[in-house]
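Paired with chain B in one complex and with chain C in the other, chain A is shared by the two complexes that follow.
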Partner chain A sequence: MSSPAIKSSWWMPDIPKSTVLRRRMLWAYAFVAAPIVALLVFLAGPILFSGWVSLHRWDMLSPVGDMPWRGLQNYVFLLTRDSIFIKALGNTFLFAIGGVGANTVLGLGFALLLNSRIRGRTVWRVLYFMPVITAPLALAVMFAFIFDRNYGVVNSVITAMGLPRQPFLSGPNQALMTLVFIAIYQYVGYYIVIFLAGLQGIPQDYYDAAQVDGAGNWQEFRFITLPLLRPVMLFVVVTNTIGALQVFDLVFATTGGAPANSSMTVVLHMYNTAFKFSRMGRASAMAFILFAIIMLITVMQVRLLRDRTYQD
Partner chain B sequence: MSFIRSIFVLLSLALVLTFGAATLAQDTTLTMLTHWGTEDQLAAQQTIIDAYMESNPGVSIELVTVDFGELRTKIITGRTAGISADVYHFYHLWLPDFVNSGVLDQPPDDALAYINENVAQGTIDAVSTSDGQTWGYPTEVNPYLLVYNKRLLAEAGYDAPPGNWDELKEIAAAITQVDDTGAISQVGLGVMPGWDSGIVHPFSALLFSNGGNYLSADRTVAEFNSPQGIETLQLYADLVANGGTDPSINGLGNFPSGTVGMVIMAPWWRATLRAAEGVDFETEVGVAEIPVGPSGDAPSSIAYTWLFAVDSSSPNKEAAWDFIHWMNAEHDEGAGSAIGDFLVNALGAIPSFDHDQAAFAESMSDHYVSAFVAASAYARPEQIVAGGQEIKTLLQVEIEAVLAGMTTPEDALAAVEQQANAILEEQRMMAEE
Partner chain C sequence: MNRHEKSLLQSASSALKYLVLVGGAFLMVFPFVWMMIASLMTAGEIQMRPPVWLPAAPQFSNYSELARSIPIARLYFNSLFTSGIIVLGVLLSSSLAGFAFAKYRFPGRELLFYLILATMMIPFFVTLIPVFFIVRQLGWIDTYQGLVVPGLTSAYGIFLMRQFMVTVPDELIDAARIDGASEPMIYWRIVLPLVKPALATLGTFTFIGAWNNFLWPLLVLNSRELFTLPLGINSLRSLYADNTNLLMAGTAVAVLPMLLLFVFLQRYFIKGIALTGLKG
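This part shows the complex of A and B:
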């Protein structure tokens, strides 16, 4: 049943004449309004406030109205004079490249294995997924012991093999890569599950047809599995990159950025700047620079992977 | 109907009387934020609070404790969220920042008079801003000294602690033990990476014993990048090179387990050392003056303090100052204060007030604390300045970079000096705005 409608204004949709329909529409607006208001108050509001703060010097203790205006000084300082920020940015990129690359390759590799007919498949899936549900801080503490230079089990194994002892988390050249390893251990299980779901969504008919045409395992993987997994790959790469660029808890709990900022990341530096040094303006500027970088990388990744998906 | 109405009236009356009486009986609630959070420390603080509440039935006190590493963050975020504590116990280096931001209430005149009458001037200066305003009751005074393991020194062939840096390097290297696989089972001098005070305070103590300065006397420029400062940082590099120290063995955690020969540390460590299983406090723990550097002529040290102060936004400032005064005042002559008792007997720290130093002199006469009491007479107070925490953290990172072999002492100190002076300049401009 349709009812005639009244056009009230340019921003309002057609208002039905029927009282029942009108009431329903009002309820619909009321329900939609609640999350919109929440979104504005708890997301858009803080983002806008943070942007405003990034143009000021604010110690979080003085009244907001008394913040001295700094314009773009915080941004200029970070990009030209804050050597720790530049170092942290480099470290964060290395962490993201290492973590995303390894998680994608290993996640796909293990997913292919778990998708095949290996024995104890369910047990393997559970084992791989367990680190994902373990508290990150607990993992960090555990790995601090495992990788200890003097008493760690990894060094015991290495030296038993006749190799030299390694500093790992206490070494300036190894701390960051050790953190990448821990992050891979922690999150690869999650990406295995995502890839596994993608693999199980590929119809078996394609493989059957390929086999009839004489395709081998590699050709099946190259021309069927990989192209059809591109949407999944896009999800894995984008979400993993965003998460890796925002890494905090793992670094905070294991090295704290040490030794001498060799494992400092952007978000940890942001935290220190805001809460240790009371420079909320500079920390907010860091957040916006990181946001811009993440946005840029995400758009690039989406375009690269999405376009090729459509072509395929 | 009238029966039901009567019941309703009676119940209402009972409710009003109950809550009214409760409100009258406890019309003031104070929150005290400290970093003393171990089980023993919590119990000792609660005893003090209970005693105060018993003699002041109108006041209720809630104790909140956080780890030292989170204390400043807790104060800042609490203020921002509008849930700040009434009474803070905090590290005096943060004082200028808090004062500039209007966090603190000025103590009442009678409190200032009591502090001036009962605390040494150097300690009062440590809790005052450059304009001479004192902002709270100073608590512990913490000079740094060389704490050493007599047994490990003796096993290495030494019966006395080092008196100068050459001896320090020699003894530290002799104590260190490395097995065939390269694992360090014992280290000569323990450093404390990852903890700003654990790195910068020992460095400052060595710097002062080498005739150097941290900041200028007027606190406007950094002075650690001097020949004396470079020599001090070179000492760290030399100790790493000769095996006398290694940043992978943390002195704070490993000295109590008996695997570290020497640590430059503060007196409040006594409780930990008494409970330590790897070293016998009475017979094996020794305390010595800071070894003198090649450019120094006498041992020196650094001393820091903490203070009790009141939040400027507290609705109960008067009650808060009364509580702080009650904790720090000597109620019976010769008995000392409640906080003095806590500092000496629960922490092993040196109290600021003269009456506490007198009342607990016997408790401070053991071989450990007595050495720190003697050092407090000559230790130089940590220079407090707005932005001081940031400068300290920058210096910590560069000292750790030298320990890790990532930079030279010259480059490290030059880098921090530049940043420190920029921070000091910025703070001056802020003050003028």
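This part shows the complex of A and C:
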């Protein structure tokens, strides 16, 4: 309600003089009160508390006031001496790079296919989207069986073709790659739908004009589709990266980080550290390191991929 | 190239297109199909070498055995009940706060909105330990409250609702005021009906998220009577470590109804995804 009675600075407008407007203002406070309190208690407060805990040693049982101060020791320990954490960081990066790369390429590829003259677009979309809405835990259980070393159907096919049996999830060199495959399977449908919506938002006129100028398919893709898809690409890469760096359910229910931590990820290691070994300080420090990495990567991706057309 | 060759090339490339799509779709559907096939095998057939591709006789008794060992109806009730409450809470809190941010001026509005934007980017794992601690201090471990209350508000939801409510014309609201409508009435009768598509989208996402959530229920719940479906599947992993056929039956029971629902409602699902994906 922009009313002349209210003059606002950016953070604190003057309190309105008329009773009508003042009553309206009170209603606004009534509307935001409960949600804001909930966000403070369950989000803003906890992140501050988590930062505080990360500087202490704490098992969650001893009183909050008595936590022994550790300064940055938790962080130093994680980055220099916790070999599982360092391994988990590397694994999580590989997992994210593999998954995001494949999902972007496959998502765009299949979206282009579905955007061309094709029958049964709805049916294809539904089929590709099914894993997206399925519980990650359920998919993990399904795939643990499909890739089982002894009874898995993939090994049945491989051995029927006369090739050697593969360990997949139980092999130190294959576990992480198998997890990447499952993650691609799970989310590619989501990115197909996002890319498809982006493609359908590009005005047909551009292509018509390009055809008049004699542009080929590749040129249309390179000089029209790809540049205009940039915001969608940014959304896909950023959300997919953020999601992949936090993977938990999938790893928990397939390998549990085994064999020999070859598929351990940061959030799973954090979960173990906190809820199996009761080292809340160290686990909180882990969370903050990962959070910082996620923010850094997001900023880099936004800078790299954002639309510069209007800025130069 | 003559016309005949051209049309041949075209149909070849279109055949290739369908081939790729069919191949991809096969990969997508196969795990579900294989889960169902395996759920109808005997324990022996699963471990047979050379492998068996289909059960000699479908073992529907697997499902009745599953029903004897886990309370399927109870798991469904728990999942539906808790996800339902979370959806209602998120829709109500997001739309109320979004309405205030979009259509009112009040001291502290900008400041509070920055708070929303900042908390929107906090990943769940950063707040996991403190929220668990809070819930434990409240004595809510192993209760529905503990599972549900931390999820009743969503910073993203507030942001999304605000973005949609800003587009509701002020004239509409002023006209309602002149007609004597109270502020809550304006929210309920004027603004909410106008943002129904956004509500449907937010509700769908919240529901899928709550329904599929695993880590939080895993931490909060201990007793089987309160377990949600993902926790139920998880408990089957150890229970049926040697009976993969029953494990697959359990997974199928947990997964298939949701898939069916999706197939019926897919149009709204997918529209909503495109909506938030491109606006959010």
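The working rule: the second predicted complex is superposed on the first by the 289 of 312 C-alpha atoms of A that agree within 3 Å, B and C clash if a C-alpha of one lies under 4 Å from a C-alpha of the other, contacts with A are read in each partner's own complex, and residues count from 1 in each chain.
Definition applied: a residue touches a chain if its C-beta (ideal position, glycine included) is under 8 Å from a C-beta of that chain, and two chains touch if they have at least 3 such contacts.
A quick note: this is a predicted structure, and the numbers were derived from the prediction, not measured.
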Touching partner for A:43 - first (chain B), second (chain C), both, neither: second
First (chain B), second (chain C), both or neither touched by A:170: first
Partner chain in contact with A:262 - chain B first, chain C second, else both or neither: first
Touching partner for A:207 - first (chain B), second (chain C), both, neither: neither
Partner chain in contact with A:129 - chain B first, chain C second, else both or neither: second
Which superposed partner A:60 touches (first chain B, second chain C, both, neither): both
Greater residue coverage of chain A in the superposed arrangement, chain B or chain C: C
Partner chain in contact with A:68 - chain B first, chain C second, else both or neither: first
Touched partner set for A:143, first chain B, second chain C, both or neither: second
Partner chain(s) touched by A:277 [first = chain B, second = chain C, both, neither]: first
Doubly contacted chain A residues - partners chain C and chain B: 60, 148, 150-151, 275
Residues on chain B engaged by chain A in the complex (per definition of touch): 72-73, 76-77, 79-80, 97-98, 100-103, 181-185, 193-194, 247-249, 387, 389-390, 393, 397-398, 400-401, 403-407, 415, 430, 433
Complex contact set, residues of chain C against chain A: 14, 17-18, 20-21, 24-25, 27-29, 31-32, 34-35, 38, 46-47, 50-51, 93-94, 96-97, 99-101, 103-112, 115-116, 118-119, 121-131, 133-134, 136, 149-150, 152-153, 155, 158, 170, 173-174, 183-184, 187, 208, 211-212, 214-215, 219, 229-230, 233-234, 236-237, 244, 247-248, 251, 254-255, 258-259, 262-263, 266-267, 269-270, 273-274, 277-278, 280
List of chain A residues in touch with chain C within their complex: 1-3, 6, 8, 10-15, 24-25, 27-29, 31-32, 34-36, 38-39, 41-47, 49-50, 53, 60, 110, 113-114, 116-118, 122, 124-131, 133-139, 141-143, 145-146, 148, 150-151, 153, 156, 160, 185, 189-190, 193-194, 196-198, 201, 231-232, 235, 242, 246, 248-249, 252-253, 267, 270-271, 274-275, 280, 283-284, 287-288, 290-291, 294-295
Parts of chain A lying in touch with chain B, wherever the complex brings them together: 57, 59-62, 68, 83-84, 148-151, 155, 159, 164-165, 167, 170-172, 256, 258-262, 272, 275-279
